[in-house]
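Labels run A, B, C and D following the written order; every chain starts at residue 1.
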Amino acid sequence: MDIHEYQAKELFRNAGIPVPPGEVATTPEEAGEIAGRLGGTVVVKAQVHAGGRGKAGGVKLAASAAEAQEHASRILGMEIKGLTVEKVLVTPAEDIASEAYVGIVIDRATQAALFMVSPEGGIDIEEVASTNPDAIRKLRVDPRYGLLPHQAYLLGSFLYPDVKLARQAAKVMEQLYDAFTTNHCSMAEINPLIVTPEGELKAIDAKVSIDDSALFQLPEVATFRDLEAEPESETQAREAGLSFVKLDGNVGCCVNGAGLAMATMDLVKYYGGDPANFLDIGGSSNPDKVVSALKIITDDPNVKAILFNIFGGITRCDDVANGIVEATKRIDIRPPIVIRLTGTNEEEALEILKEAGFSAYTSMDEVVEKAVELAASA
Amino acid sequence: MDIHEYQAKELFRNAGIPVPPGEVATTPEEAGEIAGRLGGTVVVKAQVHAGGRGKAGGVKLAASAAEAQEHASRILGMEIKGLTVEKVLVTPAEDIASEAYVGIVIDRATQAALFMVSPEGGIDIEEVASTNPDAIRKLRVDPRYGLLPHQAYLLGSFLYPDVKLARQAAKVMEQLYDAFTTNHCSMAEINPLIVTPEGELKAIDAKVSIDDSALFQLPEVATFRDLEAEPESETQAREAGLSFVKLDGNVGCCVNGAGLAMATMDLVKYYGGDPANFLDIGGSSNPDKVVSALKIITDDPNVKAILFNIFGGITRCDDVANGIVEATKRIDIRPPIVIRLTGTNEEEALEILKEAGFSAYTSMDEVVEKAVELAASA
Amino acid sequence: MSIFIDDSTRLVVQGITGRDGSFHTHQMVAYGTNVVAGVTPGKGGQSFEAEGGKRIPIFNTVEEAVRKEGANASVIYVPPAFAAGAIVEAADAGVAFIAAITEGIPVQDMTRTYAFVKDAGVRLLGPNCPGLISPGKAKVGIIPGQITMPGPVGVVSRSGTLTYEAVFQLTRAGIGQTTCVGIGGDPIIGTNFIDVLSAFGDDPETEAIVMIGEIGGTDEQEAAAWVRENLDIPVVGFIAGQTAPPGRRMGHAGAIISGSAGTAEEKMKVFEANGIAVARRPADIRSPIAEGLGG
Amino acid sequence: MSIFIDDSTRLVVQGITGRDGSFHTHQMVAYGTNVVAGVTPGKGGQSFEAEGGKRIPIFNTVEEAVRKEGANASVIYVPPAFAAGAIVEAADAGVAFIAAITEGIPVQDMTRTYAFVKDAGVRLLGPNCPGLISPGKAKVGIIPGQITMPGPVGVVSRSGTLTYEAVFQLTRAGIGQTTCVGIGGDPIIGTNFIDVLSAFGDDPETEAIVMIGEIGGTDEQEAAAWVRENLDIPVVGFIAGQTAPPGRRMGHAGAIISGSAGTAEEKMKVFEANGIAVARRPADIRSPIAEGLGG
């Protein structure tokens, strides 16, 4: 789960990281008031789950409260990479002597948390990695020992030759690692970490992703989810326990298993169609989930055909068949449905579908081809 | 550093371990008052750094405040294994359904904390270990992972076949391990851990030793040191930064290095004498330490001869020589002093001693033989 | 032959009394897997009656299952909040092989758990995986037995049902399997492609390999380079997620294209560069395998 | 030959600017040890002038000392509160050998530190030890060089000054040493008797061994059993603390008789039972060694 900059800064602040003050506004007036309270020059920053906010015009300096309000009125409602800006963060503008990058990710290759730091801050770290890899220092944190003090110092001293700054930075590393573990982050980034002309470190921008699987242990962080930042269909899907990603095509897909769901989408494309979504109904499915899934797919006006691809394992085919039949009773399903079912309790499922007037395929290629054809001719 | 039962119980209580209430009294009247406040039958327990308090008559049940006061008046001032009882703990008597033993030590062989638990509680665990080793379960705690939940449960279930009790006990294991690590214990013991007739676990007795080397990080625990529980000479020695143990012989020993100090004591015995003390002046010695050492040794009326055995390494022989000369100026040293010095700055030292009228040996055997002879003829 | 599990596997089921655990214990017993014990804390002393009347003793701890029933492998169906602890418990109790089926274990819990398992010298498969099956010998996990058949092909996959699809394609084409292994879709897993490929390489009966990857990470790329250096049997690869958008998690916690890394296109390119035949759709797995087997 | 250190040792001194660190750096340089760097956090960029005018660069981190000066061994003189961290830092920076001289490191800090060092595959000597000396080649630590001479005897001891005494006895009798090693007096130490005995056993030039133990623990007992099984050169043993009372810590954190275990009497008995000649006093070490060397 991605969270907003102002939320990430709250987590960082809790861990002791020096973060400038700041407040969130949802109206231009509020933004102006906050700027007035803060005094001096402020920055008005769009809060959206997307990079490149600056280039898109979502980050503006304002010398007065009036100017802040003016900027906010332009930024609020703006679209950045398809996402509408609903909130802005108003925070004091800082004088910057130098900018650095500090980030931690879960690294799959080394099966651990991995620090990446660079004295070249404020820009995209992937770009630095490709153009000037020597400007990045990586450090794997052994989960058995955590971040050790000398390691924090090594990272700090890679950013700043000056011992005093290196020690301050080492402390920030420890605090960031603390925030990273406490909040089960999959990614936590300070970019840039600045040095002020007075020689103080400050985290000016913050980016954090939280491991969805850990949210059950983190009730406060779970409230950070911004329902306005995602399509309503994804919110509904999550609440129904479905794994769903909205796409732009016209073939609605309902599959069990993430790998098979991706392969089904790929096959839709292979046969010249376009998938309308990724949807995994999960392992231990029950008929209610299938009803929810069908409802979400049907709500998408683009969908011209619905394709079920079920390979029963944990998932019982009869559960899915019952769900389909139940859904057709409860909701008005406009597009045609084609079904492929095989595996656990396949016979029972075919019986149920037959009674309800559905037929079913056993080959994945056949059912996908059929769905693409139906969508194209709709 | 050994601490008293009531202090150990305070550490346990802080870690959440169920410990019955109780207060410490230094007078019989106080003990009576506490018993009155607690109500019901109480136990009056001598607080000394020694085992076998029960057998020595230092633990008594009292059915009333008056009886508690009476017991306290007999226990306070009592000698147990050479130690005078200055305090008693007054605590409610508990009904006991069963008794178990739970302990953790730092185990040198496995270089880690080691749990030992036994359903045979209330008695000496060394005895159980020799008579019925199968009644003890040991578990090494990997310092990289700490005590893992399933390990705590394995220990708990070794004590109690009943799952509910085993889970309660597992919690106590985790709390005890927490107390053990937080307070840098070298040993922490609950003996007995009882089950009440109502099925509740309680820690009835507590024994803890703290790692002296960690006291600098533990200011509160450091105040637990009971100066009355150790000879005054040892208190003085500690404050002077000396490592000192009082013994009963008449040859005072002043040595640099613990191993050499022990070997010197052994050699005194070998030549028919008896060492009055173990004393290591430490590595980076300075003349002041030598003065303190000589003062402490001289204060012991048993001492008939004083023996220096210095092998210079970090310790500079001239520092020691200066200390000896300085001491003879500042304090009146009754017994004869014999000196062996060799190693770093030996020549300078011999010069200093010569000027002050001392001569010195270079052989350890010679100096020890001489000291024993002087002590015997005094 | 087979890899990781076979006739000598003595399995303990952690979470045997749960919904999934009990269902799949029946399935595993029915398939012929030697399930010797179950573990559900608090239910020790009870027993689990499998189909056919076999009574499987239930213990409170894995240690007891190992001590009393000689369990040497474990399969884990316990809920995510307790699954990392269950893995550690099994590793500490001395089983040699653990398959963790549970989905949704917090990733940071897995980093510590993986370190523990590695220190203990135990092989962990998963988590968030379907387990594995050595057709005709044993199955551990949830792969449906009826879609498999014994034969010369090793199958390894990051996915669950997509693995079934691939195996189903093989079986329908009359091509059997030595072992089918689902390594799981999480970012931190105990056994990666190379571990399984290496085991297949050491198995004289495995004559060809099907390898099913997906978007996210670089495990497939590293495996491809390893294949080129170390294997001389034919390998066919498939990558799911060719149409997945970047930056979105596609169900599996590990199935996400980060920045420009981990796309299906990139992985397929690396496969081809390292001599792995790329199937564009699941059905295309069959013919290169049949060819590779000299069919 | 020698064990652990020799002419190829490139030493970094951690805590080089402290009282003990600077004193002993002078001594080590004077002895001929190749001290290539010092570390004092915050003093990087400065240098340390050893007697004879040699300038030793000071760094903020051990990593720099390894990277820039090729340090492959470290000796630690930093205060107890920072010493465990210094050990871990050195191990992480990739030196192969660490001698920790510092006394008073909290024991529980050492349990984690020892685990780290072991995971890193690094040899740690100490803490709370005098270090070691390979006469004529190098000394690392605080053993006075002038009391040693090159020769065929390996010396290993839990003590500091008592080691000097033993070495002094040998040297005065004209018996030289391959290496003299003080393993330290703490309960948790990186290198125990068996580690050193094993290294001496592998050293073709070590023809006899002196082993100096003390009360507390069972390290000597285990070493004695190991000697019987693994060594065919003569070993002479001495145990300090024959007159120590039980339950009292005799200076060293590890020198304490717990209950009835770890007495000098017990250890001497086990020595004798395993063919180790027992010296009753330090001076008695000489003749069995001289005999053992066929003198």
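To be clear about the criterion, a contact is a pair of C-beta atoms (placed from the backbone, for glycine too) under 8 Å apart; a residue touches a chain by one contact, two chains touch by 3 or more.
Please read all numbers here as calculations on a predicted model, not as lab measurements.
Asks: Touching both subunit A and subunit C: give me those chains, sorted by label.
Replies: Shared contacts of subunit A and subunit C: B.
Asks: Looking only at C-beta pairs that count as contacts, which pair of chains has more of them, B-D or A-D?
Replies: B-D
Asks: With chain centres defined as C-alpha means, what is the inter-centre distance between subunit B and subunit D in Å?
Replies: 28
Asks: Would you mind pulling out the distance in Å between where the CA atoms of subunit B average out and where those of subunit C do?
Replies: Taking the mean C-alpha position of each chain, the two centres sit 55 Å apart.
Asks: Give me the residue numbers in subunit A that touch at least two other chains, ranges are fine.
Replies: 142, 144-145, in rising order.
Asks: Where in subunit D do residues touch at least two different other chains?
Replies: Each of 112, 115, 119 in subunit D touches at least two other chains.
Asks: Is the chain-to-chain touch network here best called a line, a ring, a star, complete, or other?
Replies: Topology of the interface graph: other, matching no listed pattern.
Asks: Along subunit D, where are the residues that touch subunit B in the complex?
Replies: 19-20, 23-24, 80-81, 103-109, 111-112, 114-115, 119, 130, 142-144, 147, 157-165, 168, 185, 187-188, 212, 214-219, 222, 238, 240-245, 248-255, 259-260, 264, 280-283
Asks: Spell out the part of subunit B that touches subunit A in their complex, as residue ranges.
Replies: So the residues of subunit B touching subunit A come out as 144-145.
Asks: Provide the residue numbers of subunit D that touch subunit A in the complex, in ascending order.
Replies: 41-42, 44, 60-63, 85, 88-89, 92, 112, 115-116, 119
Asks: Would you tell me which residues of subunit B are touching subunit C in their complex?
Replies: Answer in residue numbers: 142, 144-145, 148-151, 153-154, 157, 163, 166.
Asks: Which part of subunit B faces subunit D closely enough to touch in the complex?
Replies: Within the complex, subunit B touches subunit D at residues 106, 108-109, 111-113, 126, 142-144, 181, 184, 186, 211-214, 216-217, 243, 245, 247, 255-263, 265-270, 275, 278, 280, 283-284, 311-315, 342-344, 364-365.
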